[in-house]
Amino acid sequence: MRYLAARSAREAAEALSAETGVTRILAGGTDVLVQLKSGIVEPDLIVDIKRIPGIAEIVPEAGGFRIGAAVPNAVLGEHAGVVALWPGVVEGANLIGSTQVQGRCTMAGNLCNGSPAGDAVPGLVAANAIARLEGPTGTRECPVAEIPAGPGRTTLKKGEVITSILLPARPERAGDAYLRFIPRTEMDIAVASAAVSLELGTDGTVAAARVVLGAVAPTVVVVESAGAALIGSRLDDAVLARLAAACEAACNPIDDKRGTVAFRTRTAGVLARRAALIAYARAGGSK
Amino acid sequence: MKSIPVSTTINGDPCEFLCAPDETLLDALRGRLGLTGAKEGCGTGDCGACSVTLNGRLVCSCLVLGAEAEGAEIATIEGMADGDELHPLQRHFIDHAALQCGICTPGILVAAKALLEKDPNPTDEDVRYWLAGNLCRCTGYDKIIRAVQAAAAEMRGA
Amino acid sequence: MVKVRLWGSLRQAAEGQTEIEVEARTFKELLDRLVETHPGLEPQIRRGVSLSLDGVIYREAWFTEIRPESEVVLMPYMTGG
Amino acid sequence: MSLDEYTRREFKQVGTRVRRPDGVDKVTGRALYGADATAPGMLVGRILRSPHPHARIVAIDTSAAGALKGVKAVITGADLPVQEDNFIRDVQDNCMARDKALYDGHAVAAVAAVDAATAKAALKLIKVTYEILPHVTDVDIAVKPGAPVVLAGRTLENVPAGMSENVTSHCEFGHGDPEAGFARADHIVERSFRTAATHQGYIEPHAALASVTSDGKAELWCCTQGQFFVRTLCAAIMEMEASQLRVTASEIGGGFGGKTTVFIEPVALALSRKAGRPVKIVMTRDEVFRATGPTVHTSMDIRIGMTKDGTITAADAHLRYSGGAFPCGTVDMGAQAAFAAYDLEHVRTYGWNVLTNRPKEAAYRAPGAPQAIYAVESVIDELCQHFGLDPIEVRLKNAARKGTKSSYGPTFSDIGLVATLEAAKQHPHYCAPLAPGQGRGISCGFWFNFGGNTCVSLNVNTDGTVGITEGNPDIGGSRASISLMAAEELGIPYDRVRTIVADTSALGYNDVTDGSRVTFAVGLATIKAARDAVKKMCARAAKIWGIDEEAVEWKDGAAVPAGPNAGKFPPMALAEIAAVSFETGGPIAGHHEVNVDGAGVSFGVHIVDVEVDRETGATKVLRYTVFQDAGKAVHPSYVEGQMQGGAVQGIGWALNEEYIYGADGRLQNPGFLDYRVPVASDLPAIDTVILEIPNPGHPYGVRGVGETGIVPPLAALSNAVSRSAGIRLAELPMSPPRVLAALDG
C-alpha cells in the first residue's frame, strides 16, 4: 500500500485515476480505517486529501456555505453560521460516531462511504446540497442526491474526489431537522432515519417541503409524496398521519442484525413525523 | 511496503518515527514509541480506549494513520501529569474509585480532559454524552461521572 | 450413620432413593461409602461434587467432619465467574 | 472451615475508602496489561479461524505459509497431543480444532512471523480443505432428535433415553409435590422464555506472550483471572511439568469470568516452542467475540402457582441451556439458583445442557443464575400484577430465611434476603412518584459465592513495612482490600502495607479469581497470615523481654505484656521488632494456605424505573437502585463499584446485548458496534445501598459481592417495561424491534 498526502485536488484526482489497483480517499478516515482493520479492503493507494489547501475550510457563498470535504463534523458543529442556517444538516452530521469520531469524520466521507444509513446524507439531500467534484477531466457540480448508488456504492467516476459541499441559501422562514433511531443513545448505526426541510409561506403554512429517509432502502430515499402531504398545512395530526403513511409506503428495507423490515418501516414514519414538527418549529411555524 | 518518516510533537517533545503506510497512529505509539498507555480495545473506533488528542482535537488513535501525524501535535495519557504531580482528573479518578480494571481509564481521562478544556462546567448529561464513545465495562460509569465532576469543580475553583 | 440427601437426577443412580444413610464421619468417608453402596453414583462423584453441611457449601475438603445429626446434601461441583 | 470465624470488632481501617495501590500506574498509563508485554526477538502470532460453523477438517496444507520469508513457525491441531481427559481435551480442542471446526471462528491453524503483516500474509497461504457439515446454532432446534449432532458420544449417563445426542447432561433439583401445590393455587402462570447469549465484554482483548526455551523451560505472560489454572491447563496441553512453566498474570483489563480459561495461551506456547523464540498473540475484537467464551443461550419454561394472598404454592422450571460446542455444567447452577430466593414447599427444576455450533461458553458473573432467575422473577411479577399485590410484599411473604429448606437442597442458615427486601421497601426510590408512562420493576437475585484454594505470604520488612504476596489477579481493587485487612489485623497504617500478585513460581496454588472469592478468601488467608506473623512477633518480644511467649499479646500494632503479672514493659511496635529481627532469630513472615469454604450465599434486590417509547420500542432507564448484603464492606467504594458494574452489565443484557447468528451459522455482530454494551449516555446514576450482615464464615464478616449484582437487572427491567408499556416480554434482550412488535400485538 502507498500513502499519498496530495497537495492539490488535481494531484489527488490524477493519482487516483492513474492507479490501476484498489484506491481509497482518506479524509477523516473513520470508515476507511475500519475497512483496513477488518480486511474488507486492501488498497494499493490511499490518497489523503486533508493537506489540500482550503479543503478543511467553511466559506460563506451566495447566502449559503461551502463546506470543505475535509472539515471534521466537530468543526462543522462549532460553526455558528452553518448551525443557524441548516441546523438539521449539522445535527445529522454531529450524530455520527463518538466525540472522538466527530473530531475526524466528514460529511463528504459519510456520503462517499455509500451507506444508506449515513447520518449526514438525508439532511444534505433534504437541503438540496450540491457537491463539487474534482476529476480527471476537470471540475463538476453534482447534487448530493445523485451520488449514492447503493450500499457501499456511489456514482462517482474513477479518479473523482469531492472537494466541497455547498449548502445553499434559504429564505427567512425555513427550518430543517434530522432524527434517527438507534437502540442505544449513542454509538450505533441508524436503524431508520428521517430528514425534513421546510419553507413556510407568509401565512405560516408549509410552502415547500422535502422529506428524506435513511436506512430503509439501498440508498437514501426522497419521499416526494410525503413532502407534498405537508404543503399548505400547519402539520395537524391528519397531515402528519399522511406524512407517516407516505414514508412507510416508500420504505424498502432489509431485515438484519440492526432491525426488522417492520420495525424500520414503522419507525421511519414516526421519525419523519417528529422531525417535521421540529423543522416546522425551527421555521417559526405555530400550530 | 516502504516505511514513511514522520515528524511530530508528542506531549510537547519533538518526536520522529518511521511507520508503514497502513500503520495506525495507535500502533506507532504503542509499538514504535513505547507509549502503551493508549490501549487497543477494538481497533474500529467503538471503544475509545486509544483516545489521544491530535492538534488539540480528541480522536481515536486507531482511526488515524501514523503517516497522517506528520507535523501534528499529539497528547497522550503519558503527558497528562505534570511530572510527579497528577492532573486533578487523575487524582479524582483514584479518590472516587472511578476505575476498577483500569484498561479504559487512560482513554477516559484524555477524553474528559478534552471536555473540561472545552466546557469547564458540564452537566452530568454533557459528561455522559461526551464520554459515550469510551466504553467502560467495570464501573457502570457512575463513579466516572462523579470523578469528572469533582475534578471540574476543583479546576473551576483553581 | 448420616443421612445424605441427593439431588433429583441422582435418584436413578441410587435405585430411586432421594436420601441414603451411610456410615461416615468425614466428607471423604461419605463419598467412599456412597460409591461402595451405590456404584451408580460413581460417575458423578468422579466428575466432582460439592457437599452442603448444615447449610454451608464445601467443594473439596475430605476431612470435613460430619456429625450424625448434620444435614448433609450432595450438590454438583460448582464454579463462579 | 467453620461458621465461627467471625468475631465482632470495631474496625479502625477496614471500611475506609483508601487509595488503591495501583491507582497512579493506572491513571498515568504506566500499568502493564496483557498486550503491553514485550520480549527480545519477539514474534507475532496470528490464528487462522474457521469461517464455517460446522465442518470436518479434511486436510490442512501449511507448506506455502511455512515457506514464506519471515515465518518462523506454523502449527495445527496435529501439533498438540491427544488428550485422554475429557475436560483437558475440550479446552485444547477449543484452542485449536483437531478433526472438526465446531463454530464460526474456531481456530484451525496458527503462525508466528517476524511482524504482523507477514503473519497475516502467511494465514492467507494456509489451505484448509473443509467438508461442510449441517450446523445448528439454536438450543430449541439442537435439542430435537434429528438435529445435526455437534459432538457425538458425550452424553452423560443421567440423560434420559430418546433425546438428541446434543443433550449432554441432565439435572433435577427440588422437593415436595409440585402438582399437589399447583392444585391449591388460585392462579397459575406458565410461560416460556428465551435469553440470548451475551459476552462479558471486557475492554481488554486476550493477550499472551510465551517464551519456551530449548531446555524445556517456559515463561508465559498473559491477562488472566487465574495464572495457576492457566499453568495447569497449559502444562497439560504442552505436556510440561508445572515447575517448568512460570505464568505471570499481567494487569487485567476486565474479566467477569471470561478470563478463567485459556484460548490463545497454549497456541502461543506451542508456536514459541516450535519457533525457538518468544511469541506474542493479541486477539482482535472480532476474535474475542467469535472465539472466546460468551454465556449460554437459553430456552426455559416456568410455572408458578399462587394463592390470592400472594403465597406461592408450587413452582417448577424446565431449563435448556446451550454453552456452545462443548459440554458444560452451567445449567446445573441455573437450576439450583432459580428458586433460591423463596421458601417453597413444592418446587422442582429440571435442566438440560445442549450442544450447538457456537463458541465454548465461559463463566460470566454468577454463571447460569441470571437467566433462570430472570424467568422466575418475571413470572412472580406477573402473578403480582394478576392479583394486584405489591411485588416486594409478595417477595417478603415468600422469602427464604434462616431455616428455609432451599430449592437446591440445603437448609439456609443466616441469610440476608429479608433484610435486603425490607431495605428496598423502605427506600425513597420505592415510593417515589412515577409519571404517566413510566414503570417500576423490582427483582431479587441470588448467587452462591465461593471460597477456594488460597495462599498468602506476608513479609515483615526490617523498616516496619509489610509486603503481601497473594495469587489472585486484581480485577476490581482487591489489592487495596487485602492491604486494608492486613493493616487492620497488624495495627499499622494502610500505606505501610503493599500487596502484590505473585506469579506461579512464587506461591502455592491459588484458585482463579472467580466466584466472588477474592476479598472473602484471600482476605481470610491474609488475616490468618497476619495472625501468624503476629504470633512470631510476640515470640520475639517475649525473648527480648525474657518472658514467656504466652505472656505477650498484640495490641494496636505492638507487642505488649499480656497482664500485670507478665512484667512491666513498654509496648514494642511492629517496626521495633522488625528492626531487630536479624538479631532475634531472622526475618519475620507469616503465611497461610487453605481451601476456604463458608463463603455464604448472597442476595440482592434491584429497583428500576423506565419509560418505554411506545412508538419506537426504546426503553429509557430513569432511575436505578441496588441493595446488596456485603457482610462487611472492606473498601466501600469498590463494593459499590461491583454493585454498579454488575447492574449495568445486567441492564445491557436486558435491553440490547445479544449474540446474533445468521442462517449461515456465522456470528453477525462480532464487534462493539453491533454488540451493544451500555454507553455512559444510556444510563442514570446507579445508587447503591450496602447492607452489612456479617458472614459467620469470615473473621471480619466479609461476603463476596462480585457476582450477585448481575442477576436482578434482567427481570427488574422486564418487570419495569411491563408496568410502563403494559406488555410482558419473554425474550431477552428487549431490543426495540421486539418491544415494538409486542406493543403492536
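Each chain carries a letter (A, B, C and D) given by its place in the written order, and its residues are counted from 1.
In this text, a residue touches a chain if its C-beta (ideal position, glycine included) is under 8 Å from a C-beta of that chain, and two chains touch if they have at least 3 such contacts.
Just so we're clear, the structure is a prediction, and the values are computed from it rather than from any experiment.
No other pair of chains has as many C-beta pairs in contact as B-D. Among the chains, the centre nearest to the mean of all shown protein C-alpha atoms is found for D. Chain centres here are Cα averages; for chain B and chain C they lie 55 Å apart. Separating the centre of chain C from that of chain D, both taken as means of CA atoms, is a distance of 26 Å.
Centre-to-centre, using mean CA coordinates, chain A is 29 Å away from chain B. For the pair chain A and chain C, the distance between C-alpha centroids works out to 67 Å.
Those residues of chain A in touch with two or more other chains are numbered 37-38, 185-187. The residues of chain B that reach two or more other chains are 1, 43-44, 46, 129, 131-134, listed in rising order.
Residue positions 200, 256, 284, 672-673, 678-679, 681 of chain D each touch two or more of the other chains.
Per the contact rule defined earlier, chains pair up in contact as A-B, A-D, B-D, C-D. Those residues of chain A whose C-beta lies close enough to touch chain B in the complex are 1-3, 5, 26, 28-30, 33-34, 36-38, 46, 48, 50, 72, 74, 97-101, 103-104, 185-187.
Of all residues in chain B, only 1, 20, 30, 35-44, 46-47, 49, 76-78, 80-81, 86, 89-91, 93-97, 99-106, 109, 124-125, 127-129, 131-145 touch chain D in the complex they form. Those residues of chain C that touch chain D in the shared complex are 5, 7-13, 40, 43-44, 52, 54-61, 64, 71, 73-81.
By the touch criterion given at the top, residues 1-2, 4, 21-22, 24, 43-46, 48, 51, 54, 57-60, 62-65, 67-68, 70, 111, 114-115, 129-134 of chain B touch chain A in their complex. Partner chain C is touched in their complex by these residues of chain D: 1, 3, 156-158, 170-174, 200, 256-258, 260, 329, 332-333, 336, 348, 350, 362-367, 408-413, 447-452, 514-517, 595, 597-600, 697, 707.
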